[in-house]
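Each structure below appears as C-alpha cells.
Next come two complexes, and both contain subunit A; in the first it sits with subunit B, in the second with subunit C.
== the complex of A and B ==
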C-alpha cells in the first residue's frame, strides 16, 4: 500500500520533472549546449508566477503570463549570451550556464529573500480517497497539466511546420541553412520554449512543495537522469523525468529507512541523509560505464 | 621559463609573505586565502587548461584533501599530513579520472559532476570518519614539533607552498609529459599518432592535479580549523573553474591572478556593502556579481586576464610578445554549432 502511495506521488512529481527535462534536451539537440541553468528557469518561473498571483491575476492568466515572460527570458539569454559563444570551448559554455544559474539564484534571493514562501492556493484543496490511497488535488492537477503539456509539446514538435524546422535545425544545421531555415532563430525558439516549459514546471513544483530557491536544484539533480535517458531523445527525457520522480519517492520513503536500519545494526551511522539526491548520480556512473549513449540515445552518435 | 621570471616570482612571493607576516589578521587571512585558492587553481588548470579534461569534481577533491589532512593531523602526523592529503587526493583523483579513458568532453564532465555529488554525500554520512554535517575540528598544523597557531605564520607557509607548486608545475609543463598533455588536449587522435600513450598521459594529469588539490585542501583545513561538507559543495568547483577562466585557461600565472581576483572580489563587495544601506542584500549582490563576472569574462575576454595583459603589452611593445602567447587554441568539440556544422 505504501509502495502504491509512493508510486503515485513519484509519478506526479516525475511528470513535472519531465516537463523541465524536456527543455534541457530540446536545447541540447538544437544547439549542443548543456544547459545547467534549466533549474534556474524553473525557479524564476515559480517566483514570477507567484508575483503575478500576488498582483491579483487569476491563476490561469498568471500561469500563462508567467510562461510568456519566461519565454522572453529564455530567448534573451540565447540572443545576448549563448549566440556569441557558438565557437567557444565546451568548458566555457558549461561555465556560462552555471554563471546564469548563480546569477538568477542571487537575483531571486535579492528580491524574494532566502526563506520558503507558501505558494498561493491555485488548485482546490482536498484529496481523492481511492481505496485507501490518498491523492491530493494538487498532485492530480500538477500531473494532468504537466502531462498534457508534455504530450502537446511532443505533438507540436512532430506535426507542425515549426516543429519540422526545429527538427531539421537539430538534425543537420548546415543542410537546414541550405534549404533556407534560419537556424539561429530556431535555436532562439528552442530556448524560449524550454524556458517557458521550465517556468511552468517550477510553478507546479511550488504548488506541491512550497516556493524556495531550492527549486533551482532540480536542474542539477535531473541532469544525470536525462543523460541516462539519452541527451538527444525527447521521449527519453520524459521517461527520465518519471524515473527521477519515482526514484526520489521510493528512496525517500522506503530505501533510506531500510538502509538506515541496516547500518544501525553494526555502525554508528545514524542517517543516510539526502540519499534521494545522490542516487541518480550513482545510477549515472553505472550507466556511463555500461552504455554511454543512454537508454534511448543512438549508438552511432559520437560522444565528444 | 627564464631565470628572470623565477627570480621575479620569488621576489613577489617574498614580498607578499613579508606583507602578510607583518600585518593584522584580516590582511593575513586575505593573503593566505588567495594563496590556497591559487594552489587549487593551478592544479585545476593543469587538468582543464593543459590536458583538456573538464572536471567539476575539484571542490570535492579539495574536500578529500582537507579531510585526510585533518584526520592525519589530528592523529599527530605533523607536516606529513600535508603529504598524506596530497597522496590520498591524487589517488581519488585518478579514480575519478578513470571514466576519462572511455568518455570524452561533455560526458566525462558529467561523470565528474557525479563524483562531486557522491563524494560530498560521503563527507556527510561517514560520521565516524568525518563527523558528518557538523564538520571535523582540526588541530593546528604542527611543524618541527611546534603548533602553527597564528595567521601570519600560515601566510608564510601558504605562500611558500604556492611558489613551490608554481615552480614545479611550470617545470612539468615543459617536460615531455607536459607537452603530451597539450597534444592530448588538442586531439587524442593526433596524440596517439605521435606515439603518446593517451591513457597514461591522462592518468598522470589526474594524479598530479589531484596531488595539488589535496595540498590545497590540507592548507584550507589547517587555516580554517574546520572541515565541513558544506565548504566543498559544487559551488567550490564553480569558484575554482571561474578562477582559471578569469585568469586564463592553460596559463599557470593566470591561475594565481584569477584566484586573487575571484577571492578578493566578494570581499571587496562586502566592504562596499558596509557603506551602502543594503545590509541584507550584500550576500545576494556578491553572488550576482560573481555570476555576472563569469558570464562577462566568457563573453568579452574568454582567454582570461593573462591574454588581456599580453594584448596591452603587445600594443605598447610591438609584436614579439603577443606571438609567444600560449593561450589554448580553439578546441571546438561541441557537438553542433550553427555556423561550422558538424
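== the complex of A and C ==
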C-alpha cells in the first residue's frame, strides 16, 4: 500500500520533471545548446505566478498569464543575448546560460528575498481517498496539468506546420536555412516554448513544496532526466521524468529507511541523508557508462 | 522583364568565380544555363538565391532588388530553388518535406493561425495529388527520405520547391544522376509545372538532350560570364559554344 502511495507522488513530481526537461531537449535539438538556465526559468515562473496571484488574479488566469510572460522572457533571452552569439562556440553559449541561471537567481533574491514563501492555495485543499490511497488535489492537479501540457506539446510538435519547421530545423539547420526556413526564429520559438513549460513546471513545484530560490535546483534534476531519456528525444524526456520521479519517491520512502535501519543495527550512523538526491546522478553515471545515447536517443549524439 | 541580372561578380580569394555575368528571364520562360564544369553556374545561382553575397552587380525580380536577401525573404517574393546535391533530413517523411515547402512561404493561405492549428488531412491529400502524383512519388509519401533512391530524392526536392508556389524557380542540375529517360520525364514535368503555375524557370543542367527538349532559351557560361545566348538550335550550331564544350575540332 505504501508502495502505491509512493508511486503516485513519484509520478506527480516526475510529470513536472518531464515538463521541465522537455524544454531542455527542445532547445538542444534545434540549436545544440544545453540550457543550464532551465531551472532558473522554472524558478522565475514560480515567482511570477506568485506575484500575479498576489495581485488578485484568479488561479487559472495567473497560471496562464505567468506562462505567457515566461514565453516572452524566453524569447527575449534568445533575441537579446543568444542571437548575438550565433558564431560563438557552443561551449561559450552554454557558459552564458550558466550565467543566466546566476543572474535570474540574483534577480529573484533581490525582489522576493531569500526566505521560503508559502505559495497561495491554487488548487482546492484536501484529498481524494481511492481504495485507501490518499491523493491530495495538489498532486492530482500537478500531474494532470503537467501531463496534459507535455502531451499537447508533443502533438503540436508532431502535427502542426510550426512543429514541422521545428523538427526540420532540429534535424538539419543548414538544410532548413537553405530551403527558406528562418532558423533563428525557430530557435526563438523553442526558447519561448521551453521557458513557458518550465515556468508552469516551477509554479506546480511551488504548489507542492513551497516557493524558494531552490526551485532552480530542478534544473539539476532535469539533466539526469534528459541523459536517461536521450538528449534528442522528447518522448524519452517524458518517460525518464516519470521514472526518476518514482525512483526518488521510492528511495525517500522505502530505500532510505531500510538502509538507515540496517545501519543503526550495526553502526552508529543514524541517517543516510538525502539519498534521493544522489540516486538520479547514480543513474546518470550508470547510463553514460552503459548506454550513452540514452534509452531513446540515437547513437552519435554529442555528450556534454 | 521579370528577372534581370547585371554585371554580377563574385571572387573567392584569387578566383573570379563569376565575373560580370548578365541574365534575363521573362515571365513564364524556361531558360537553360549551361557551361563546362567550373564555369560558375552554381555559384551564380547561389548569388541570386541568397546563399552567397556577390561583390558587385545588380539583380532584380519584378523590379525589386534581390541581392543580399536571405532564402526565407526570397521565398516571400516567390523565389524558390532546388539543389544539386539533395539535403539529408533524418526524421522527416516525403510528405513532411513537401509540407515544409508549403509552410515555409508566409503567403500561405490562412496565415499564422493556420500554421498553429490543424494537420489537415484534406490538405495532405491535395499535396499528394497535385505534387507527388505527377512526380511518381505518391506511393512513397509516408516513407523517410533516406530510404529513397537518388532519383526519387531529386524529385522530392523539386516537389518541395513547387510546394512553395514559386513565381521564379531555380533548378540546379535537376536531372544529374538520373538516366536519360528519367531525365526527359523530369524535363516534361518541369514544362508542365511551368504551364500550370506560369512560373519562370532558370535551369542549370549538363544533360544537353534534356536542356534542348525543355528550355526555350539557353545562356552559355564560361569562365564566370555569359558567352552566348540563343535558342537551343542556335546554341547547337554556334562554333564558339562547340569550342568551349568540345575543345577545338
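Simple rule for what comes next: the second predicted complex is superposed on the first by the 291 of 304 C-alpha atoms of A that agree within 3 Å, B and C clash if a C-alpha of one lies under 4 Å from a C-alpha of the other, contacts with A are read in each partner's own complex, and residues count from 1 in each chain.
Criterion: contacts are C-beta pairs under 8 Å (C-beta built on N, C-alpha and C of every residue); 3 or more make two chains touch, one makes a residue touch a chain.
The structure displayed is predicted, hence computed values, not measured ones.
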Using the superposition on chain A described above, determine whether A:177 touches subunit B (first), subunit C (second), both, or neither.
both
Winner by number of subunit A residues touched, once subunit B and subunit C are compared:
B
Classify the contacts of A:32 with the two partner chains as first (subunit B alone), second (subunit C alone), both, or neither.
first
So in the superposed three-chain picture, is A:100 touching just subunit B, just subunit C, both, or none of them (first/second/both/neither)?
first
Which partner chains sit in contact with A:227 here, subunit B, subunit C, both or neither? Use first/second/both/neither.
first
Between subunit B (first) and subunit C (second), which, if any, makes contact with A:281: first, second, both or neither?
first
Shared subunit A contacts, counted only where both subunit B and subunit C touch the same residue
172, 174, 177
Residue set of subunit A touching subunit C in the complex reads 156, 159-162, 164-165, 167-168, 171-172, 174-175, 177-182
Within the complex, subunit A is touched by subunit B residues 48, 54, 99, 102-107, 109-111, 113-115, 117-118, 121, 124-128, 133, 234, 238, 241-242, 245, 249, 280-281, 283-288, 290-295, 298-299, 302, 328, 330-342
Taking the touch rule as given, give the residues of subunit C at its contact with subunit A in the complex, in rising order.
51, 70-72, 74-75, 80, 83, 87-92, 96, 99-105, 108, 114-119, 160-161, 164
Show which residues of subunit A lie in contact with subunit B when the two form their complex.
28, 31-34, 81, 84-96, 98-107, 109-110, 113, 169-170, 172-174, 177, 183-184, 187, 220, 223-224, 227, 267-275, 277-278, 281-282, 284-285, 288-289, 292, 303-304
